[in-house]
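Would you mind keeping the following structure in view while I ask a few things?
Each chain carries a letter (A, B and C) given by its place in the written order, and its residues are counted from 1.
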Amino acid sequence: MADTATTRPTATGPTGLDIQGWTCPAPLRDSPRVVLGHGGGGVLSAELVQHVFAPAYGGPALAELGDAARLSLGGVRLAFSTDSYVVRPLFFPGGSIGDLAVNGTVNDLAMSGARPAYLSCGFILEEGVETEVVGLVAQALGAAARAAGVEVATGDTKVVERGHGDGIYINTAGIGLIPDGVDLRPQRAAPGDVVIVSGDIGVHGIAVMSVREGLEFGVEIQSDCAPLHGLVQAMLAVAPDLHVLRDPTRGGLAAALNEIAAAAGVGVVLTERSVPVPEAVANACGFLGLDPMYVANEGKLVAFVPRADADAVLAAMRAHPLGAGAAIIGECVEAHPGMVVARTGLGGTRVVDLPLGELLPRIC
Amino acid sequence: MCLAVPGRVMQIEERDGTRMAQVDFGGVIKDVCLEYVPDLKVGEYAVVHVGFALQRLDEESARRTLELFAELGTLQEEFGDPWALAADPDGMARHGSEEER
Amino acid sequence: MKYIDEFQDPGLAGKLLDGIRAAVTRPWALMEVCGGQTHSIIRHGLDQLLPEEIELIHGPGCPVCVTPLETIDKALEIASRPGVIFCSFGDMLRVPGTDRDLFRVKSEGGDVRVVYSPLDALALARQNPDREVVFFGIGFETTAPPNAMTVYQARKLGISNFSMLVSHVRVPQAIEALMQSPSCRVQAFLAAGHVCSVMGTAEYPELAERYRVPIVVTGFEPLDILQGVHRAVLQLERGEHRVENAYPRAVRPEGNPQAQAMLRDVFEVVDRPWRGIGVIPDSGWRLSERYREQDAEYRFSVEGIRTVEPAECRSGEVLQGLLKPHDCPAFGTLCTPRNPLGATMVSSEGACAAYYLYRRIDGPGAVKEATPVG
């Protein structure tokens, strides 16, 4: 709590932010500057939201911390979401920042069960970036929007000085209508639910990493970037009362499952061998010392399905092109609330923790 | 301490007077320096650590190791310790062969 | 043969476990030296599957954990200098120095880059002739030959803007120091497989004899580790103390002669402080005089480093196998991977981090509650 006799200077500025007044003894006090890990989708990111942003401007909708906000406006149920795309390199096997900018936000809306309708698109360009490159990204973005059946209705462009951007940053926000009877949010996960993933995991992260400086390796992995609202509709058609949908992007499957477990106060038990990981992804991860559970996905979803509906939902997913590799990977339990536990191939168990921050290759 | 992964040599070339190879780690292809295992041939496997091949992986030895695991229990009763039979005190011997690699 | 899946086969693992259970008649304490082995054990839950009589003590085989605090602080100082591109393996990025880590240096404007191989750092030096590129050369005998070759090439190709900050450590001397410690409970060693791929097994018979401990050269996949345990237990039950190679597909008794020749040229033996343990004589390598020009310690004279370790950190005891991570009062509370007090909590190689990362819900070190986010 704030100490009026403190000798530490308080930050000045319009918010009058008092560092001494954190609502919990968060370790952020010893991190006076933002580090890369704060964008990693794990513990550090969550801290930034919970201790800096939410207290400053959060309301009830933000507090739900779902992929998209579920809002009621004039009697209409809307999903509303925003995401920023800062991926480097801009172009990678299977896609580009343009594809991500559309599909990422479309998917956030889809995870609420919404039919995505309109997007906004803000570009932040670094001075000196080639106009041709901007054109290619814009074309990719347009193509992705058409493929997803959404319209980019409004946008903005800014330019920052050379040296202050990775070439191109994009922010998109999207809205869509949530059909009646659909109530998808992390808090609804319940013991007995079956956990289903829509296909191979770890694909996007490895595809991107495979062309990054210093980590180049030739691998036939194409990003799985894709819009998932069609798959979601197919699932809702057979089981309107699905409990939770989440697309495991930053932080991978591990982050998504931990967040859901924490939000609902349930435990999750996974069978490690059931989690589908393509061989090349497994090998690339082994090579770098990474765990596929923490690697980003851009065209996959994880679902918490009431047990009675599991078979029907699985069948519906497998019948859809984007769910052909769907698999049951675990279940929701009452035990160890908030924790995700995996049964290893050899019969042991291990806790699958929330990832810390940036995913780093290791030699050890 | 030693995250070293097995990889298969696909292609060998000289670069700046250094013996380098394209090595396949089950779909992941990476450049690897072969200076420490100069007689490694295309098609062979090596243990690779931070971009360097450190030792050839002996396929015959690997197979035999797996066979020994599978026979554990059965061989032990009949013939005594199968591993001790297969290994000398330094830990390196061939079944029925005198050649030391 | 792919050399990975085959050595994770659950059926064969079951047979090895049966073999171990059949052989063991009394409690034994084994130490696996290498952090990679610790990682594999915890990740696959092997210590949960072994009979209760077998205790696995996790050794100091994590170069990240044992790199001296002073060296880390020097690295941080150099990385902070303008004009320097500081390259490191990913493992080192979050190792805490006295008051910060490389991640923090990066956030403050230092050019810190993660590389997979030291050769990537050398390539960076060629691509950036107007910058000073420094590579953080840590590791055991496995990583020493790659680092040596890189320095050798830098000199041979005349890449003058490249230097290496070297802090290598050697395993046999560490084993000796552990055995000489009066509180040491280790009765057998699982030696580090890839270290032996390089160095061979020649340094071990003398240790096995002098301290009467079985030393079994062991690999990293679950079957390899179970095999190492099995061979060690058989020796212990029979009162033997030999050196055995349980990883023959990757280890020959003579090791790798080319790599050893390069090590003799590029490095020289030196006394080395091990973080949390103390100075172990002859346990380190630094660049030899011939390669002084490529030595970052000489190129960047770093003065006035005052190193301070947090008082609560008991990494040293963990590294010596005297304390299990979950028995440390700071474990999971003051000290977490998010906020590590000591190096053993930083990389997933370190015992504390391995226990935390892969912590289980029953068995040794069980936790019952989820760690609250934030």
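By our rule, a residue touches a chain if its C-beta (ideal position, glycine included) is under 8 Å from a C-beta of that chain, and two chains touch if they have at least 3 such contacts.
In this text, all values refer to a predicted model and were calculated from it rather than measured experimentally.
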Pair exhibiting more inter-chain C-beta contacts, A-B or A-C: A-C
Relative to subunit B, chain with the most remote C-alpha centre: A
Centroid spacing, where centroids are CA-atom means, of subunit B and subunit C in whole angstrom: 22
Whole-Å separation of chain centres (CA-atom averages), subunit A against subunit B: 40
Centre distance in Å when subunit A and subunit C are each reduced to the mean of their C-alpha atoms: 34
Residues of subunit C whose C-beta touches two or more other chains: 4, 35-36, 62-63, 89, 116, 120, 139, 143, 349
Residues of subunit A touching at least two other chains: 286, 289, 362-364
Of all residues in subunit B, the ones touching two or more other chains: 1-3, 5, 26, 49-50
Subunit B partner contacts - residues on subunit A that touch it in the complex: 210, 216-221, 279-280, 282-284, 286-287, 289, 362-364
Residue ranges of subunit B in contact with subunit A within the complex: 1-3, 5, 25-30, 49-50
Residues of subunit C that touch subunit B when the two form their complex: 1-4, 6-7, 12, 15-16, 18-19, 22, 34-36, 61-63, 89, 116-120, 139-140, 142-143, 145-146, 149, 153, 156-157, 192-195, 197-198, 201, 217, 220, 223, 227, 231, 234, 242-246, 248-253, 256, 258-259, 262, 349
Subunit C-facing residues of subunit B, complex: 1-6, 16-18, 26, 33, 35-38, 45, 47, 49-52, 54-55, 57-59, 61-63, 65-66, 69-70, 72-73, 76, 81, 83, 87, 89-92, 101
Touch list for subunit C against partner subunit A, complex: 4, 8, 10, 13, 35-36, 39, 42-46, 48-49, 62-64, 89-91, 93, 103-104, 106-108, 113-116, 120, 139, 143, 222, 337-339, 347-349, 356-362, 367-371, 373-374
